[in-house]
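My structure is below; once you've seen it, I'll send some questions.
When the chains are written out, they are named A, B, C and D in that same order, and each has its own residue count from 1.
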């Protein structure tokens, strides 16, 4: 009987596993189960730095990701931008991924125009924030930015000359930034910003990265990286801190996209653990059976 | 008709019936998108009007809106877009069952679209915004970028990279294909030079420096003196030993026997632990992505989830 | 393709192969030197021209230096803050160049045996026994990536073994240029094995540049043909998992290798042998037997040795600092830490 | 002979990049080289498009199996390019731009190119990556077997980090005595996860990075000295 079960498990069609995975992710989405997180030090460090910087500090927001990594990085980009907006820093959006431009645009639309576009002190384009758009040339573009922004891009994303924008007065290169905040999905990304700009020019940099990339970036922390926000967990941590500090309006569920993905994450992780354990159980059982009937 | 075909026929029928009911039988519909008309130059919303005499606005852009917004109008292109995106998503997921025509169709679409996407982006961002502006600022101002300064002078030095770049196409003509190597050499040479310096700086020097750690750490205690920080000391010792043993593993010109062999074995264990952690973190990313796609299907398209 | 495991030629080939393995196992590989004057001359002339041109370009009347530099200050030709990094760069480069030169002058360099390489024989042998084909994937990147070049280098030796056993070898590629290079490699290997008729152009083909399209096609082939051995050597990204999982499902012996650290966990978990990071490059240098490559490898090893020594020395000094901190000097300022010389002078960076 | 000039070009610009790093007056020359690099690399990418077209046109003209898919690819390729370059559906955004028809941003929301990105490119690409979640699960079940010491280390670490990455880690502190007032709960698995990340992962990655950095230096030197010409392709 157990032997038959073992045979069945050995021959299990992997489509059943696919189905189990789909269920583990789908059920929390449909049932609206979210998950909170306790912040970890590398995330807290970035949060504190943005808090500490005086109002109106220049922050370079480098959004180097595409739709394939938007699931992890877009909630992060939203949270970073919201925090900078609350602290009223001057934001310079830029990307070195051709597919990153729509990401910048939807971040601007979703945060700056929606949350800070009105009221008594609205964020004004060209004064409080600017979209420098896409820089071609991969890592070389970063190197160019760190020597002269205008050489890398004479105009902003709308085609306006950089010299016509008030925000650009006194800004010649990345050196004039108080902080680089990078949402990075791979090459070129966080590693290249550290290598080509932050380390040679001594500019503080914090990176929000995908889970895949985090092991590559962890060795740079804390010497070359000020903060490191990892994957969806990091995004949830940041949202949690933002919600704790500014409950109005950031404790609201609709402003916490990462929180809603947390529940699915938790269940899928449980499934993964179960599968690894079950798989190894089968492996051991097979070995045991082989010793019985060699 | 075999059993499998029958099963899938029934599944498709049920799915279509369900979609039909959801679209026409419910109030919300499936993937319905609404927009408001906005004057791009002023940023004001233009109310929908049937009055033909109303002044025509040249610069109308559309922004997403809620269905119950009084100024909202139904958007055909966006509704169709959501449907197409959802169906393509299902086509790709169908690969999990088996390689099939639907998957192949989605795949061949993406091959064309992604190649085209890169070309268009680079056309506008580099060829126009960088090259044309430098070579013919007047043309650029009149045709594409009105904000190009009127006093900008043409910089003919930029002819060189353009010519060099175009030499790439010599590769397509067998007789002069050797000329196609010049631009390649330029690109490879630039990256080689840059990489040499920057990798040595950030990945060699800096990483070795970060590994220079005291193996015994003292921290200020509450009483004013200093006491041994055991956890930090252990961490430092583990880091230093691990780095050294991994470096020994990657040392190729010594036979791994005796002491060296044992140290390098330790090195491979450290690498395995680091790969295990990296696997778990990768899993996290892939699952998030799946969550996003399912949210799209069940929230944006079918509308099952409402916060 | 029909496949008979008892063709007469094969037995001889197997015997020859076994003999070769037996002899090669006994002695470490050393490589003879064949001087290639052209390279040396070219190098010298290149260095001369480079120096000349750099001097020319550096001339103030040609560069923009006059506009940008403050006229009251003399132009500094060298950033003195970077002097230690410049020396270090020079040192590393010089070591690598010297080792390469020495190797080319005939100095033998030892390279340790690499587990994955020995397993390749076993994998090819098993495929022969089972009468099933071998799959070789040289990564999904273009020929300009060093991983791809290393993968192709391994391909030629796998192809040589396969040709000797007359076991079919399938090489789907994701780039047109890689296909051309792979065909050249396999053809040369077939010739070297003395079986020019083994080379079959149709088995080495281009699929598509698109990552997932390529994977779908390769995995489809794997499920249909059930290869007995799979080699994944080159640059891989997200598709590594698809390939390794499919290979595992069909029960093939899998040997993988990549320098892409994010993909190594999947290969390590799902494959039988994995060449980790630099091991792939070492393997290709080992298999190519090219003295220049072995010399470079030796030069890199010196770099690692320097890193190990610096870390050890620095840690000893830092620990000393920690146990008995240096006091204050006569002016009442804290004396610099003992480890500072290593961290802030030798390893200052640029 | 046809390779001498390219090798010289590569050596020259490469050396310029290195020397300019240490010599401030050469910085402008380096900037020019970087600017040119961007332009040359961009135009070189167009070659990829040309190759794609040739490949699929050949497939269609030979009526190879699946040539219909090639036709779909070509069609979507040309439609994307036409829509993007003609700025279909883009309107000028500011008062001064109204008289210039082609002045709006090419990715403006609501334009044709935006539609292609939003409803074709983005969903297909991200769903393809989402497939990996399923494969990861299947690999965990079938390939992650404790075959030897190395595999066991990999497995156990993966399990620990998997638990440590979600709030399920709090289960591990249930067996500990409740902490004193105001002291945060000690979570063993979170501690272990952090310890692994701060020590083993950092160390392992650092060693790989140091090794690869040296490898990059050696490879770059080979290119700059003209020893490595494989990037130029075979002799035709």
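The rule is simple: a residue touches a chain if its C-beta (ideal position, glycine included) is under 8 Å from a C-beta of that chain, and two chains touch if they have at least 3 such contacts.
Keep in mind it's a predicted model, so treat the numbers as computed, not measured.
In terms of the stated touch criterion, the partners common to chain A and chain B are C, D, listed by label. Looking at A-C and C-D, the interface holding more C-beta pairs in contact is that of C-D.
Of all chains displayed, D has the C-alpha centre closest to the centre of the whole protein C-alpha set.
Seen from the Cα centre of chain A, the chain whose own Cα centre is farthest off is C. Each chain gets a centre from the mean of its Cα atoms; for chain A and chain C, those two points are 32 Å apart. If you average the Cα atoms of chain C and of chain D, the two centres end up 20 Å apart. Each chain gets one centre point, the mean of its Cα atoms, and the points for chain A and chain D are 15 Å apart. Chain C has its Cα centroid 28 Å from the Cα centroid of chain B. Shown for chain B are the residues that touch two or more other chains, namely 95-96, 107-108, 110-111, 114, 117-118, 121-122, 126, 130, 144-146, 184, 188, 190-191, 194, 196-197, 199-204, 206-211, 243, 247, 250, 268, 271-272, 274-279, 281-284, 287, 289-290, 292. Shown for chain D are the residues in touch with two or more other chains, namely 7, 11-12, 15-16, 18, 21, 27, 34-35, 37-38, 41-42, 48, 52, 93-94, 103, 109, 117-118, 121-123, 125-126, 128-129, 131-134, 136, 138, 140, 142, 144, 150-151, 154-155, 158-159, 162, 165, 197-198, 201-202, 205-206, 208-212, 214, 217, 219, 221, 231, 233.
For chain C, the set of residues touching two or more other chains reads 89, 92-93, 144, 209, 212, 249, 261-262, 265-266, 268-269, 276-278, 303-304, 307, 349-350. If you draw each protein chain as a dot and join the dots that touch, every dot ends up joined to every other dot.
Of all the residues in chain C, the ones that touch chain D in their complex are 39, 42-43, 46, 49-50, 53-54, 57-58, 60, 63-65, 68-69, 75-79, 82, 86, 89, 92-93, 96-97, 100, 143-144, 146, 149, 176-177, 180-181, 184, 206, 209, 212, 238, 241-242, 244-245, 248-249, 259, 261, 265-266, 268-270, 276-278, 281, 292, 296, 299-300, 303-304, 307, 350. Residues of chain B touching chain C in their complex: 95, 99, 103, 107-108, 110-111, 114, 184, 188, 196-197, 200-202, 204-206, 208-209, 211-218, 240, 243-244, 247-248, 250-256, 268, 271-272, 275-276, 278-279, 282. The residues of chain A lying in touch with chain D in their complex are 12, 14, 17-18, 20-22, 25, 35-38, 40, 66-71, 99, 101-102, 105, 109, 136-138, 140-141, 143-144, 147-148, 151, 157-159, 215-216, 218-219, 231, 233, 262, 265-266, 268-273, 275-280, 283-284.
Here chain A touches chain B in the complex through residues 15, 18, 21-22, 25-26, 29-30, 32, 68-72, 98-99, 101, 133-136, 139-140, 143, 153-155, 158-161, 163-164, 194-196, 199-200, 210-212, 214-215, 219-220, 223-224, 230-233, 253-254, 260-261, 264-265, 268-269, 272, going by the rule given at the top. Per the touch definition, chain D reaches chain C in the complex via residues 4, 7-8, 11-12, 15-16, 18-19, 21-29, 48, 51-52, 55, 128-129, 131-132, 135-136, 138-139, 142-144, 150-151, 154-155, 158, 205, 208, 210-212, 214-215, 217-219, 221-222, 225-227, 230-231, 233-234.
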